[in-house]
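Presented below are the structures under discussion, each in the form of structure tokens.
Both complexes below contain subunit A, partnered by subunit B and then by subunit C.
Take a look at the complex of A and B:
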């Protein structure tokens, strides 16, 4: 607000240098090896600062200073075509070779550990040894330097060379990883090599873009949108093709006793064991044929923009998924009956292959579906582009992320594919993280997004409703000291309507007296409410069994509905799919809400309550509604939580968790459903990921730093809501000139 | 009566510490209309800074001569205040100013402050240990009973805490009401754009407001550490309570924060007097807060820094 001051450039840069150096010292402290104590107060600091290692950090600080100082000179190169992908690809490869897992079962299974193990193993292929020893780093460095030179100097031949080398590097990485896994007979869940391959593919993209582009300036998002929008559905089909090839050709389908059987091996394994004919045929030829046919039909549908072919591909994909599932069910059930590797039932000892095949078929089918349904929207987009009045707005739209026709839905389809078919291939640890951390907090964040993101009410006691939901469930199933009357005793899933209703009432009860308060008062009152609920749970010994939580286990959910009998046990995957059903139901309900009359009323209140009231919105009722809806979602999550863990106690509902959920919502991007989900997923995944990277006790510190950095550099959050993004930037993407609001964007 | 009085003394002691912390919340709220969620960590860093100096001065505290005690106390308060002020200033530069320059939505500030709060408290834990029950070296007889107030014992430490809190609050009151800096703080909280037009450097004023809040919070950190214990998570609960106290008195209102802090401290300590188990203390405190807000929706003294001071 104050006028820019005239400052001496020398003192400016001195200031910058000092702050860069200070920041590097802070990082040195964060990375410090030692924990101090009050008895030896300065120990932690001296160990991190007064050691030679600090020089590395100071050097990094100087580099940072130089980069910032010479930023204007760097920028022209950064806008060259290909730089973005090159940098992100390089970072991805680097991350794969430093942070990711490369072979489960070898030490901590990180790249370095696997490399040491490989170098100590005689008789492994020399190429593998070389790759893990030095080749991986040399290849990365050479390719990166070549591509960078090609970009800076504009040498096309060099770019092609870099692209070719990257391809070779990706293949070598895959071969090396494959040979390690087969050599050690590991059941492998690691993703390191796949991330590395993705990184190299991105570098190839960079090189090809450099080689083909004649432009001086890159418009990355426009290019991405053009590729995605060229033939809606085609990117998904191509992705499905790649995943499917991996699945059918090399991935493990069946792995008893750590014997990695590919699809053909699996067929060999079950020869003459009386495997159902469908499964036998699938493993011999049907799988490949289905794959080839659906891919061809899907690609043709997308390329020709043919609606009928699109529907055929979608149907083919769906049928193929079912057939694949039947096949892996059949042979794993048979393995159970034959007691292969002490298997007791179906779905055991499966490798990633079958699930990858399912994912591939799903993606191809989804591609066909998008090709079939995007028809109208493409024509619409073309018509809009032809209309000269809105050419500018079309251009602005094309610079927005994922604005190409079908791109958004492709993203959603990809997310669904991952959500459905990735978890079965994950390790047991990650499956439990997916359910009890990521999944539940995603559901909570979706609920809180209504209150915080849409209605703009700061609720710091959200976990209270989660607690109420959990305790209501525990009461209704008879796990609390006070028992329900016998006619009310029920199974956990039947408790959902009751728990949701009670949370709704609790939301109304809290909201009615407090929602007339303004923002910051509301924050402290809700915070107080959350604490009151927790303390009551701790102190009301006779009702809640105090700080020990329910005295008998809350039973796991069961469904007995006519012929359908599903019993949830200890397998986390079952809970994951149950949770997925909850999330999808809630999402479908909320998606309609966002742009309804109520949703717009919330937005109006959030932006200016007085003005909203003046336009005739009953602000109190509408706010109360937001509160109640958020509370009931939280209650739903509570029911799930109670019946999943069985035992819980008031410590699960501390104030910190309420604050964290608010942080997830805002971190992800206030008011956008994908944002809230992404924020919750990322920030609950991060501590588990950091577990391998930093001392466990330091994880919260790194998370705090990540949240802080995110808010400083991207205050709108990860995926800001469209409406908010428009508010912040104006309708024009560049925000250069005020312009009439296009009708399609009007609210 | 004796019971009542002794709980009252305890309440006033605790309340004056709450008031010192609450002033930090309320000052920042005045100029930025934001809850500084990381203020609890400013408070914590004050306690840590004063510990470093006091530990340096008296070692394990045995054999500290009586004449040195006042100097150690003053050194403790000053070092705590200065450390906390430095942290508060940095916090404003790192976690608030960049967002302000970008016109970020209000909740983004809250989240960056929460991130900073996690970061600071865990960094302190990493550097100085995560034990939560450290205490200052016993360099004086802080529980010596000086006199009895209607039968309630009043101890040295309580005199020191209340006395220094009163002195600091008087200073602050003078500062805000009759110095140039105070005038600019009031002007910015009244209407920042207009204040800028009047030639007030808003950035500088906000920075200095953070520093003042940090000074008070850091001193409170030292006093709190003397009275209870210190550790890297010590800030959280007093922070929440002081925030509640600031709201109770009317957020943005300096005298409101002082009164709110005292009221909250007394209410908390009065819980046993009315025969409620102490495990319900927090419930009682929050219920009182909600009741006050329901009947006076803008706190005891109402809002607005500019008007009240």
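Take a look at the complex of A and C:
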């Protein structure tokens, strides 16, 4: 045996320094133009490397080197309460001030552009000028340093100061943005200022956590969980309060061509136009009153842990949402009838205000609901959670993300609020992205998660079932060259059961002969299947109309059910809500499935197929079931897709898409429903987001970098499933519990 | 004494390899029967064939009066044939509790009384009930594997080398527990390399050699047999 190689610490750090500098050069290249020409092949590289800007990147490399070198010294501070929120809050604010839009209609509307415009505008308020000039950066730096000091040195007073300053900073940012928008009369959809405010709120949380933390809560997550779980439901109510204040006091409620009207302006505008009394009263006092009352009741319910008040707040929130919706419907409809400033009709020309108010009421109601349904005190719940999980995972449950009582449900409620009330305020572009990218792929990822995540079968031909669903729909509505018999001719929504059934059969047909194959072989066969379906679609001219796709448009969905008549048209929002219904139904069904006998059988097969067989699981049948369920979900997405786009062709079903769905599931965290959804949402959103941020040619590279970073730092995915987390952390990580056994027992 | 399991002249192949070349034996109700043999003799193959994981190319298996060869394992388990496969094979990422629940998969819900009984047999499992099975020691995993099979309420328990890789003291504990399980009326077909312990426990035994039964007798007879002593107990042949 040769002696272990001795490493010289100096050469070690030299190596590390060189790697860091090289990495920073790579990032510099990534950030620069990816261009070249026959005349100047090196253009991109010279632009990236031989310019002063490279110094910035090299400096970053040195910082990285220092961080890595002194990591052991840094680590003890990182688990201090508040570090996580502080860093994420700081990064959020930074992102808001670099990447986000701050005023639609000013150039590319990013922060820098707006700031330049502000500095070139004379008569704007000095505070605004200062904010966009230097104040925003100084505030961020000062607050960050103060909070960091407070955390490192444990100075509580400093933490309170930092929290106070953050609040001031958030207000200043808000005022500055508002004054720009009003000064320039912008029709503003930008989110920068809101993201900045959220960032500062997160920093405030960090500071408060630091100020309140004691030895008992030495670890950050424990402290955060304590703060979040102090009064279940209260965080949602507070969030609702903030959103509601913004909505009622300053957000735009009505914005046709030439003006932005806040709630009171809207009332002025519709005075004497015969607006329905309810809407009039809402705009004058009812809205504010509802807001005040529900907030008070919700806060009281959460603070006092009072069930009855909680239910009252929940009911109040629900009623208020309905009243708000009626109001904005009424005045937008009236505006269309009266052609107020070329307004176009119901649900059109609305600003964010009404939707924010809905969101606020929803959050407050949800807070009340959580307060009403949360059981026991925090301490008990934590103790219970710790008792049940501490051995299993080797870490106290209270240190796990969102394990505080009500925290998980608060997160879900927040997600629902965003899903319901954010899309109407988004621009048309983002609405269509939401529907045809994010939404559809979320549905596909949920379906594939059953196959890949739960049953552990690698399916690389998943998009084939999506294609089958789409073509089945096209056939049933009569858009293909071969027509269905007249009794089978139907509208798209009625096609759902047929398409789902056909995909289920297709799943069985593909699965039955192939599921006996293992791992790689199955992947290859499914990959082949996916391509076969696409190639058949291209070549079976008489049936599918070949590469041109269906020759007449697949009609949009319609519902005629008794008194209910809904017709889907070109408005993406309608599709979004339809998709939401699909996703919710599928989610509810799958959640039950996950915890059912079948779900447990999948888990067992994934872990050890022979043992699963030995415990009496019909492994083949159960795997086939996963395949069929995944396929039918994909088919459902196919129906939606076909009737939403109207025209499609085989190019929509290329191999690339199958691989992308697999990537989404893996990225989000295999086997975890929230993970699959988050993964799909994030990775479909990212390319669209990057459109504004980097040259088109660079987009794939940045996405690749994100995925790579993810796989290095969070190999389990965004939101890993519990079991997978154990798998990846390894049992050693889990076994921080000492398991020493007296020698006499000797086991 | 009624015959519970009778294996009649079965031949089992892995492709071209004949792993069993006409093996016959019987297990009576309430007995412990040991199958001995060197590595590669075909013991595991025999058990897998009995539990339905493999099907014989010739011969038949009769259990409780019915012919069962070719019936898949998830159906055989409903007849009470529970198999503890070679090498323990617990579900490593599931907790001890979940592993035991999986053992009762054939029932709508696990039988609480059986669950309690298993934890009484293996108190160590109770202490580790919420721990992932992969973090258990080898001996504990073996206990878990046996406990999991018991959750399926076996009538015939197939144990494949329960002593593999365990310290003598633990082997003794496990064999004591197997004896206890047997005394509650469960018939046991035991595959072992550890001949002396297995034969001390077994009512009868069979010795397999390259796919054929070469010796049979009661536990005591086999324990006294020179060939067995030479081959499995590592003793010099006296004569």
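Assume the second predicted complex is superposed on the first by the 639 of 747 C-alpha atoms of A that agree within 3 Å, B and C clash if a C-alpha of one lies under 4 Å from a C-alpha of the other, contacts with A are read in each partner's own complex, and residues count from 1 in each chain.
Methods note: contacts are C-beta pairs under 8 Å (C-beta built on N, C-alpha and C of every residue); 3 or more make two chains touch, one makes a residue touch a chain.
Note that the structure is a prediction, hence the values are computed from the model and not measured.
By the touch criterion defined above, A:600 reaches subunit C but does not reach subunit B. In the superposition on chain A, contact of A:529 is made with subunit B only, not with subunit C.
After overlaying the two complexes on the shared chain, residue contacts for A:29 are found with subunit B alone; subunit C is out of touch. In the superposition on chain A, A:41 contacts subunit B only, with no contact to subunit C. In the superposed pair of complexes, A:428 makes contact with neither subunit B nor subunit C.
Once the two complexes are laid over each other on the shared chain, residue contacts for A:615 go to subunit C alone; subunit B is not touched.
Touched residues of subunit A, counted separately for subunit B and subunit C, are more numerous for B. Annotation: subunit A has no residue touching subunit B in one complex and subunit C in the other. Against subunit A, the residues of subunit C that register as touching in their complex are 51, 53, 72-74, 77-78, 82-85, 89-95, 98, 101-103, 105-106, 124, 128, 130-132, 134-135, 137, 139-140, 148-149, 152, 167, 169-170.
Interface of subunit A with subunit B (complex): residues 1-2, 26, 29-30, 32, 35-38, 41-42, 44-45, 48, 452, 458, 513-514, 516-521, 523-525, 527-529, 531-532, 535-536, 538-539, 655, 659, 662-663, 666-667, 670, 697-698, 700-701, 703-713, 715-717, 724, 728. Chain contact summary for the complex, subunit A toward subunit C: residues 388-389, 391-392, 597, 600-601, 603-604, 607-608, 610-619, 723, 726-727, 731, 734-735, 737, 739, 746-747.
Contact residues on subunit B toward subunit A in their complex (touch as defined above): 29, 35, 51-52, 55, 94-95, 98-99, 102-112, 114-120, 122-123, 125-131, 134, 192-193, 196, 201-203, 240, 243-244, 247, 251, 277, 279-280, 282-283, 285-287, 289-290, 293-294, 297-298.
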